[in-house]
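Pasting a structure below so you can have a look.
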Amino acid sequence: MESSVLTIEDFCAHFSGNQVVNDVSMNVEDKKVTALMGPSGCGKTTLLRCINRMHELIPGTGVSGTMKLHDDDLYSLNPIVVRKKIGMVFQRPNPFPTMSIYDNVIAGYTLNGIRIKRSEKDRIVEDALKKAALWNEVKERLHRKGSFLSGGQQQRLCIARALAMNPDIMLMDEPTSALDPKATAHIEELITALKKNVTILLVTHNIAQAGRVSDFTAFMYLGDLVEFGTTEKLFTVPEDKRTEEYLSGKFG
Amino acid sequence: MLCAHPHNVPTVPATRKTSAAVEKSMLPEKTNELKAHIIQYSSHIQHMLGKSIKGLINRDAGILREVIDNDEARANEIELTIDEMCTNLIAQFQPMAKELRTVLMIYNMNNSLERMGDHAVNISESALEVIKYPAIKPFIDIPRMSEIGTQMLEDAIQSFIDQDPLIARDVCRRDSIIDGLRDQVMRELITYMSGNPAIISYCLHVLRIAENLERIADLTTNICEDVIFIAQGRVVKHHLRNGESDTETK
Amino acid sequence: MDAGIRFRIIKDRIFLGAVILFSFMLLLPLLLILYYIVVNGIGVINWEFLTSLPRPMGEMGGGIINSMVGTLMLVIVASLFAIPPGVFAGIYLAENKTGKLVNTVRMCVEILQGIPSIVIGIIAYAWIVVTMGTFSALSGGVALAIMMLPVIVRSTEETMKLIPDTLREASLALGVPYSRTVLKVIVPAGVTGILTGVLLGIARIAGETAPLLFTAFGSPFMNTNIFKPVDSLPLLIFNYATSPYPHWHNLAWGASFVLVVFVLGINFFAKMVARRWKVQF
């Protein structure tokens, strides 16, 4: 796995004594989309949140095992540093309501007190919005607040905000669950286009979405990583019976 | 907290891909890619057929060997690739309506083409035997069968590319001509065989060639029925033979 | 129609009637108060009333300018003392759901809310007036600040709680440290709610009299020094209304009118602010 961006080894996570992720080991390939799928409560969201250490914000949680991003042990670095290298997009679009679109995109820099020249800021904003396929729709209205944007556009704004920080990997936690089918289709197209630039790890409870969009799929069930492989193989010839049952809709 | 069994290290299986790493994209692009593959396959099969008949007419053993040794292996390889592509496409993209019919029919066509390839190999094998002997009479009907058959296949593929059911129907009607020619060849050969037992082996191989050409034409009509299903959603299997007018099957 | 159904419909109507009746009865006192104040006070309002100092006892004329200035001073002093700790405490309570300190703070705020205003006045007297040796606007402001504190803490906490967690997560996921997240993302998002809380706090204390009785004490002179006694509208109303002079009674009505206009004005302004600067999540 020379081209792995993220290496996870024997990783366990718990909430106040309840183990929710059991001994997961997997590698996330560079510039590919990896989907984490499974029924509710299987631990996929928890695992995702452990990567950028958002899990530890909840009191009473703990982890064990290793996670490495390009050979850096994520749990030996300062969490702030970790989160700057990793972009995250959430289920509900959450642009900052008091900031304009422009300020939202550049928020990662301004909120962190990183000083950059105005021209450089403009370039970063334009670049990020273009990558998020939102530039043409908002370029005339950059300095207005984003409240007029539709749900799908707001989500793309959040994607732009994460992209502006040039992350090594983008984590997406069910990014289309709160969107209508058309907006969902746009975001899926965007994800397919984005992977040229950045590695994506996507949590989804929608099996069909995992099939359409991802190169690799990991199936989790009750905290275990049941199976991991190329999407083609997993969807046509899964090795584990539980994967087979999940794909046929027997549970979840 | 001890966690028991070691988990599978993820593998990147080397899949049988004919081209370099295939980019993942949405359904329409995938379908177009599949169509391109099937058209390429049909080209290959047409080629095989052409070479077999050419080898027979020109008494060229070399070309016939090529068909048997190289072309068949390649045909099988392509068939497996297309097979896998169809399966993956359905598993990952759940196509509906016309796209679903297209993928399912391409799967069928794949099958038909592979069998055509087998028949072309049979023709080559028999041709190798036939050219060992001097000709009884110049071949007339067999080249004619081959010509019509080749044209039928060409038109069938064209009808798939153009999504034109009219061409498809026309091709199906021509099948009766091929059947007639095969019957004629059989009658002729029976006459020769009954007169001269020494040439029975020769005649049987010639007959085998004619039979295989007739089977190829049948398979071509299958392809046409598939095209009609894609284009119009109508099942016309087992109906369009010998110029019968088609009736709908629900 | 069934007799049972008819009975239920009648019961329903009676209930509806009772609800309307009691709601109306609630309006009645308010309307009466406003009516009385307007009728009795509006005649007194004129330029002299609003700009001149009070006359000595018995003399005609006089105004309430020093009381208005005094009320303003007290409000400003109280705000300066109450807003920073109040807002920060509110943020603290909202951000930390459990913990010993959190529970203690919450309990203290609740207790503070229940302390009678006159008791607060006495405490301020003991702490500040006695120490300084004089009545002052400062002590009055402090007393009012103590009364304002629970209101601000409560409303700040409620505002902060309304801000969805997703906003916090969005900022933290960008690698922004927690303190900066609160100061630069959460608080700005809640600024409208906090401001509304502050305005409501002001409206509350603008009309308080009891704590000012022995802190600000009152004064017939114009005073802008916070270390000296100062008059305020409620104090003036108290003193004039309980005096034997009918002229002063009139002035008290006028002052009441001004005070009510002031308080209603702030309430109205607070509502406008809340509506206009509403933050959409």
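Letters A, B and C mark the chains as written, and numbering starts fresh at 1 in each.
By definition in this document, a residue touches a chain if its C-beta (ideal position, glycine included) is under 8 Å from a C-beta of that chain, and two chains touch if they have at least 3 such contacts.
Keep in mind that what you see is a predicted model, and the values were worked out from it rather than measured.
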| item | value |
| --- | --- |
| Minimum number of chain-to-chain touching steps separating chain B from chain C | 2 |
| Chain whose averaged C-alpha position falls nearest the assembly-wide average | A |
| Whole-Å gap between the CA centroids of chain B and chain C | 90 |
| Geometric centre distance via CA averages, chain C-chain A, whole Å | 47 |
| Residue ranges of chain A touching chain C (in the complex, touch as defined) | 52, 54, 57, 80-84, 87-88, 90, 92, 94-98, 107-108, 111-113, 147, 158, 161-162, 165 |
| Chain C residues touching chain A - in the complex, by the definition given at the top | 164, 166-167, 169-177, 180-181, 184-185, 188-189, 191, 279-281 |
| For the chain A and chain B complex, residues of the former touching the latter | 1, 10, 12, 14, 19, 22-27, 29, 33, 64, 188-189, 192, 208, 211-216, 225, 227-233, 235-236, 239 |
| Contacting residues of chain B [partner chain A, same complex] | 1, 3-4, 6-13, 15, 24-27, 84, 87-88, 91-94 |
